[in-house]
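After this come two complexes, each holding chain A, first together with chain B and then together with chain C.
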Partner chain A sequence: MKTKQDFPSINQKEALGKGPDGRAIRVLIVDDSMFVTKQIGQILTSEGFEVVASAADGQEGLEKYKELYPNVDLVTMDITMPRMDGVSALEKIMEFDNKACVVMISALGKQDLVKKSLLLGARNYIVKPLDRTKVLERITASIR
Partner chain B sequence: MSDYLDPANEELLKDFFLEAESQVEMLESNILVLENDPGNSDAVDELFRAAHTLKGGAATVQMDELAEFTHLVEDALDAIREGKVSVSAPVVDTLLTATDITKAMLTDRQAGKIYGGDVSSIKAALLGILQGETVTVDTAVDAGSEPAQVATVEAPKDVTKAPSRASLSEYEILELREAAKEEQLIYAVKVSFREDNPMNTIGGIHLFTTLKGLCSVLKTDPDFEALYEDKYHPEVTYYVAADDDLEQHRSRLEISDVVDKVEIALVAAEETPAVEAPVVETPVVETPAEKPPAAETAKKAPPAKKPVEAPAPEQSTASDQGEPDAAPGDRKRGQPAGSLLRVDSRRIDNLLNLVSETVINKAAFNQVSNDFGENLALFQSVEGRYREMLKELFDSLPDYLEQIQQGKSVKEIRAEIGERFNDMPGLFDDFEGGYKKTVARFRGTAQNLGRIAGELQEGVMRIRMVPVSQIFSRFPRLVRDLSRSLKKQIDLVIQGEDTELDKSVIEDLLDPLIHCVRNSIDHGIEHPEGRREAGKADVGTVTLRASNEGNMILIEVVDDGRGIDVDAVRKKAIDRGIIHPNKQISDIEAYNLIFHPGFSTARTVTNVSGRGVGLDVVKRQIEKLNGTVTVTSAQGSGSRFTIKIPLTLAIIQGLLVKVGGEMYAIPITSVIDSHRIKPSQIKLIDNYEVFNVREDVVSLIRLSRLFRIPTEENPEYHYVVIVGSDERKMGLVVDSLIGEEDVVIKPLRDHFTSSPGIAGANITGEGKVSLIIDVSQLLELGLKREKEERARRELSI
Partner chain C sequence: MRVEYINPFVESAYNILTEVLKVEVQRGELYLKNAAMPMLGVAAIIGLAGDVEGRVLFDMTRETGIKVASGMLTSMDMDPVEDLNEMARATLTELANMITGQAVTKLHNLGFKFDLTPPAIFTGENMSVSDSNFEALIVPMDLPMGKIEINVAIRERA
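Now for the complex of A and B:
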């Protein structure tokens, strides 16, 4: 995990997806929509992130996280999903690893769930529809 | 604001609520007095005083909405007091509604919420009284305010409140200081949020969680609950305690898209005295947002006033700082306030007196113990001498024999022996006398101890005793409202309100009692026309009476209404299949059918009573208190509900019985009688063990089988204790009866609580534990269990 102390000032030109040691930041994308998964994936890989896995529901996401751990730095988590929703998955992930860096992806109108997630330990949230700068901004802000 | 109260202040709040309750009660009763006697100036004075006290108290504990509201009430009452406004029915209604709202505000505050119901119409009505005009008011009161409405009240558009919110009182700063660790710095982080964010309502929480990762959030303004509402707050102030300089984390707080501006300021705690001014003047060091590395300035801001300026080396991680303060909302919910009890100081004095007697008693016991010790020493020395003499006697026997052989006469020798050992018979006299004296003294002291213990027990019980007026006082208002809505004229008579009852009992008594009174008013008392036809006065009377009867208390609800129609009840019971059509039942039995579940004789359903759930609930609740409820009635002239409950729940008379090696206590109130029977007298009917008592057949439960205690299954005799009430009884088969005893009920905790058939435990005189049997549960459970057991045994054979 990155720690706040030893993080050097970022050169804006540098790829956002590189950690302080120059290693790519590894991302797990959890979303039931293929389209969104792809979209996030594209945005992130273009900035040098490495998408290590994706999952189609909370249950799968949780299992993948446990499987990958500790070789995963960031999770993007959709809120509304079949089988296990994002909030429960987040809760389980935080139980498993309380330093997990999870960013929630939410549709408009799910304010209460977003609040709940933030209180459960989500680092940040992104509102759909996704837009490149917003996604990057929020995600880089949360991995710092 | 009540989040960060220290324990001392919890006390204050408790006191406030206690006092407020009595003020509201006073308001209510005096308004009712005023209604009947509009010219009663004493009542108005009382009212005014009560409202005034309430207002003052509310302001002290910073319940602004309550203070503001009661202020209006006070103004209205002032106008009445000065005779500017005459007391009319609408005025009374307005005042009563205002009282209800006050009550609701208090209840909400007690639950840690702020009343959010709409008070504008009642406010208008109160102002109307002031101006001498009467406005009718919608009397519906929003009792439990919804959280959503809280937000409306909290809305920052309330301009007048805004400045006061921004500042912290000296006390609040002190509170913050106490909540923080000593070496921590307290910051006020004022954050403005962007409104154009599509999810602008999340900002408050978002920042809250972000801050929590950096430092401990002590307090937010508006408070956490409000932040959690689905509502946009343009500006939120967070009060946090941080180990290091918060400025260095500024970038993390300025969440793009969400946060507009962050102002971090230091709250200096040590300089607080005499500060009441708004935030600008409080010793808050403003660090403008434009200075990015403001670390230097902020560090110097609290100059020298912190002796612990040492660079806090333990840069404790975010998560463990977050732990101790958790979410502020959790705190107030987590603490159910223990109820306060007001006790006559004489009762305490009496206890003290008894305690001093116990101390004297203890000294007496010490004395007795010394006496016993002395007696023992005396006994030992006497015994020593006795043995010596005995030995001497034996030793000298051969000599004497020789002397006899030499021809000495026996007579001579006897005289000689008698002389030599003459003090031997009286050797123990001293000891015996002393010992007798000590034993007598010991008995006396033990008797004294018994008396003192008894009195102490009674004294402590008496502390828990409160007069029933505590609940009776709610009824005038209830009856008034009810009679109005039902358009009946009713006079409520309350008698014996000084009768005292255990506090725990009284609290559980209110609901059943309300039900009975409602029932009397709704079903019993006729409409004025009906009463006139029946030749009665227009005004019906409902009497609420409490009295003592031995160690039971008797509460009666008597009405002079139409009484219970026995035939209708009987018919209905048959229709509903509650009783068999051929069954002959007495009138008394028929009356009590109304306590049967699913029974309601009201022809139309009203919102007052008559949904068919009611009197059976009353019965159940009263039975839970180990009491009974019965009804008698005379058609045409009224009915009477009689509730009988034990004075206290903590001590009961119990019949101790033995089953195997175990001892059980059966509450004596549910014991009907006991028998000694031969095993041959037990018969089997339809797989049930039964036995004939006079003309009745009673089914039997063997406690040994029920509780799986190994015991002699076929002794010469069984003992059977018949328990239950007249309609449902059952025989408990036990090994032997021990006797009656006062049983102090000790509640069972944890996994024992779920054991069916057991009400609690008791410690007997020998220090053994005996379980107390819950008869009503046993009645339900017994049959089922016994049958299963038997089936299993038969299978295994």
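Now for the complex of A and C:
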């Protein structure tokens, strides 16, 4: 007779969004597009990450980071945004917390700004259009 | 208008629509318009300025707009939209961003340098668009959700 153990379980795979202590990794999403915020949020929460806040521009992102600190583990940062762009917000976040883990979200054709962000301390970058595999791959690589 | 400008938009629109909506896309016959032309009801507009200048419009009916936004959302495991609400508009903006992003990379690789404005979404009845001293090329794309007209008016800066 077959028992439950004979069948692979979808729950066997470790959720990517859990840290080594089993606690969910806390994410701040900074993006001026409601669509992208929701898309990243959906991908991350489905893997066990916890989206603790989102911000619609760099200024708000910086303020929320300071407010949440140290209860935030990862930031996804859009590059082109009103008020304060992602590169300036990254710079200010790194000044405030040099261990911050920031992943840049870039439109196509912004290689120079991506390069600048990496020099300023961004851990990784993802070029739009976003897809599930790309987002999870880059984000898990940057939190390890 | 030189055909080099429009081809990247047509190719990217075809690629992105097929990839994102996971539906069959048919490219209709391209046509040229000089006079003011009626718009369908929902349009995303993106401006270009640099070596070349002008604008690109993605025009569709309200019903198609809702269906396209829903198709894009559900293909990414998100909830569809019932109306042309904020989420629907953000989704269509992102679609326009994806298409122009890819087209612009192609144009940059051909040596044209210019900047883009962020997309704006227009909605309304009985709208029309006219461009003085510009020819507009229109490429209809037929989807199961309806028709999207890609309306490109670009010229070299004098």
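Rule of thumb we're sticking to: the second predicted complex is superposed on the first by the 132 of 144 C-alpha atoms of A that agree within 3 Å, B and C clash if a C-alpha of one lies under 4 Å from a C-alpha of the other, contacts with A are read in each partner's own complex, and residues count from 1 in each chain.
As a working rule, contacts are C-beta pairs under 8 Å (C-beta built on N, C-alpha and C of every residue); 3 or more make two chains touch, one makes a residue touch a chain.
None of the values given here were measured: they were computed from a predicted structure.
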Three-chain arrangement built on chain A, chain B and chain C clash or fit: fit
Partner chain(s) touched by A:80 [first = chain B, second = chain C, both, neither]: second
Touching partner for A:112 - first (chain B), second (chain C), both, neither: first
First (chain B), second (chain C), both or neither touched by A:46: second
Touching partner for A:137 - first (chain B), second (chain C), both, neither: first
Larger contact residue set on chain A - chain B or chain C: B
Touched partner set for A:18, first chain B, second chain C, both or neither: neither
Partner chain(s) touched by A:125 [first = chain B, second = chain C, both, neither]: first
Chain B versus chain C as contact partner of A:35, first or second or both or neither: second
Three-chain overlay, closest Cα atoms of chain B and chain C, distance in Å: 9
Footprint overlap on chain A, comparing chain B with chain C: 108
Contact footprint of chain A on chain C as seen in their complex: 16, 20, 76-78, 86-87, 90-91, 93-94, 97-98, 101-102, 104-105, 108, 118
Complex interface listing, chain A residues touching chain B: 98, 106, 108, 111-112, 114-115, 118-119, 121-122, 124-125, 127, 134, 137-138, 141, 144
Contacting residues of chain B [partner chain A, same complex]: 198-199, 201-202, 205-206, 208-209, 228, 230, 252, 255-257, 319, 327
Residue ranges of chain A in contact with chain C within the complex: 33-36, 38-39, 42, 46, 80, 107-109, 128-129, 132
